[in-house]
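Following: one structure in structure tokens, then a few remarks.
We just call them A, B, C and D in the order they show up, numbering each chain from 1.
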């Protein structure tokens, strides 16, 4: 059964006001186009969960989509701080819930695995445990020593961008894997966006590459360049210049709103956004090929 | 640093009498050649751990290598029972420790992850918990409900057969993954055997395919056809005829000893074993190619 | 074509009919595998087959002879580790149907695949749980296919390898396990299904079998459903697919 | 070549010298990345670089500008998930060295990367732990690189994001965490190392820096090691590699 639909349709149908959403991707494959579509559709009161909120949650928070943020590193990767979120947290305008990276992905892993909690070794750093009551202590029944635990995180919706998927939702990723698989299995609903929609024979030629199986996927959207200014390994480079530029834009609320007006509200979809970026940017982000060595599965 | 050595050298140097060894592979990539070399070197008092002991532990137990077996399914896959192990267990000649598959791999995962235990949801089947004191109950601190737990399994040695590895030990697998990665990370020492030793550029052309990184590997051995009568995806087929034949051989201890005499003690190494199998078997197990679709990582 | 059929064919065909289009099925080798492939080729084209070896959406070109046969992998939709298959798929609740087997199935659908006799000094040492302890607990529905023999259907199993309804449906529900438990036991004589207490009762007979035959071959006082029905005989098309396409060598006939 | 050098170059070169051949290092971006790459090109050719993004054995062709830069992946030995990198690699004890940073480092090497002021009503909201809470606990050894400023070296951190020696070495040892904790803090003035109680004391000065400068820029009564040494100045070769090969655009100069 084909689950192909437009991104606008997927967001309107599967993401509701008040949902907890997880736009997955650790620096790689961040689904910016989906964040922008959520902004355009004016979704409200979302809980935005991501290990690294990155620029996309700065933008969504600035657009008024967010009620709360769940995170483990609130920085502009390689640049500095996320100034919109920082201002909102310092001003008490946004609820938050905070973990270390390992705590965050432990919650996702528990959610994906259908477990009521997962243990972690102690870290001797007490303050995050003190301020976040989700951290609990347990006694290891084998050694009598204490461990920390966290409960599952099961977002209402996970969004995962991938290099290629078939129309059923079987999806393949290479490069940095981050928490893509865990977020998809933990979530109640899954939107897959893909650089390329390929015949299922392509997916089935390399089953070990598949991260997400079709039957947990609700919508498949063909969204080339979905990840810009983040990147898609093998398809286009990270736009480091924009990450630096955002550091300046996000200095002021006015500049942020101007940015949203021009680059989010002012374009219909990702195709128009990409075209608007212009040929010089396209050239700058283009990548020459470097192929994986062949792999033979054998005809059995 | 190259870790290439002969299999005989690796077994002699890294596997000691009394060790707990984990020859990994769920039906796929079972390192039969390593089991045979362990038999030839007369290792004693081993604890043999494997989810599915398969024919190789039947043979190693028959050869007198084993003191104890740790398992979760003691069958001849697709055929019936493992008659040597069954006779020894029924006669009280071998200690054993038993799990479900999930219990077994939960122990390996805890061992690999450096955790003192991992929880599992209850199964309402009480008897395995009753006879194996390693199963313990915990109270989930979030819901107040009970869960089961198991402690880590950290074998002294894991043996993992792979399609290809570089001389440093970076190893790649495709096809059924079983518990290969978990066994390698859980173990204190790791022996990698490979169908092909390839230049590190081949491995590094496709880093997402790498299951085991070099720095946890102690020895790399080039052992083509290591897995027969099990198989290596893309390289040769499973020898179902031999799995059926073992069902007959293992009816009697005499036939088993005759088999060992001819096919284990009677050959110097795997190359001689494979040659002895003969051309008709080689032809029967040959596989025609079916390649994975190309994947572009990009030159950055 | 010979329209007579064997006990195995009868069980396979009746089990296939229990599967629903779109079901995600945890498949074993042997006759459950044939039942699933038959269902895919008849009324359930979207049946999704997954294997405890970590293979997802397999489309085998030949009859797989073990649960880890390479033909399951070539052309599959995905492969994952064993830890992932038991957590992300099974424990998370993504598996609709599991097939179970064992040496003993008792009055409440509990299964023994571990030992006959005392555990520490077994009379017969069986293979053990494998995946079945968790499949029986966490798959939404389970089915069992077994020859109808008194020694296979004791009042109570010697060893409780995987859960049916324990001592009754209430006990399973109170245990908090997520699956609904065994929904049907398909034998060569008919079909047993749990009643409202979780006790297996005779709900269907195959043409030619009788209530007396079923009772004689069951180790407890077998109840008969008021709505006892006769199963539809295998159709020529079902037999053709089974014999010509799925098991041309007749390995499981 | 200009053999004068910046504070950053001085810190990078001195940190590089602390790495040992064969170390498995959890690398961050920025100056720790440069220190590791410099060590690989000088005395530690077998340094093994891994990244919290799940990249193992990276050999970047260009200077990575974020921890998830695609140049880290192309040509790497392996890629794994974040859950795997924090469990199989870090928690399992496979990581020899971690680099840490933060807004505050206190007398016992504890680090604050979370907030200045009250947590619920922060004066300054910092990025938070990321991987550092677990790196500080579980890597065998940790190093810190930071400019030597009084506000960065308070007597006690406002928020305890990651563990140094807590209130002293005994307390860390009693906590049962596996790593040995921070082994050195490299600043633009010199190097601080933990004494037998886990208190950071001045063990080295760079040429031109004085004990007084270090004391004035430290928020606690800084002790000086009896064996205080002067670090070797950067060599021309170290500066050449850093400037010509690793950071030709001078981004981190």
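Things to note:
Note that a contact is a pair of C-beta atoms (placed from the backbone, for glycine too) under 8 Å apart; a residue touches a chain by one contact, two chains touch by 3 or more.
All figures in this text were calculated on a predicted structure; none of them were measured in a lab.
Should one ask which of B-D and B-C has more C-beta pairs in contact, the pair is B-C.
Chain B and chain D have centres, each the mean of its CA atoms, that are 40 Å apart. Averaged Cα coordinates give chain A a centre that lies 37 Å from the centre of chain B. Chain C has its Cα centroid 28 Å from the Cα centroid of chain B. Each chain gets a centre from the mean of its Cα atoms; for chain C and chain D, those two points are 58 Å apart. Chain contacts: chain A has residues 114-115, 120-121, 145, 174-175, 177, 181, 208, 233, 237, 287, 290, 297-300 touching two or more partner chains. Shared contact sites, meaning residues of chain C that touch two or more other chains, fall at 55, 69-70, 73-74, 79, 91, 138.
The full set of touching chain pairs reads A-B, A-C, A-D, B-C, B-D. Looking at the complex, you find that chain B touches chain A at residues 114-121, 136-138, 140-143, 145, 147, 149, 151, 163, 173-175, 177, 198, 202, 205-206, 208-209, 233-235, 237, 287-300. Residues 1, 112-115, 170, 181, 185, 200, 203-205, 207-208, 210-211, 213-216, 297-300 of chain B touch chain D in their complex.
Interface residues of chain A, counted against chain D in their complex, comprise 26-28, 51-52, 71-75, 77-78, 81-82, 86, 89-90, 92, 98-103, 105-106, 108-109, 120-128, 131, 145, 174-182, 231, 233, 237-238, 240, 243, 287, 290. Interface of chain C with chain A (complex): residues 24, 46, 48, 55-57, 59-62, 69-71, 73-79, 87-88, 91-94, 138. The touching residues of chain C, counted against chain B in their complex, run 29-30, 52-55, 65-70, 72-74, 79-83, 86, 90-91, 110, 114, 119-134, 136-138, 159-163, 166, 172, 175-178.
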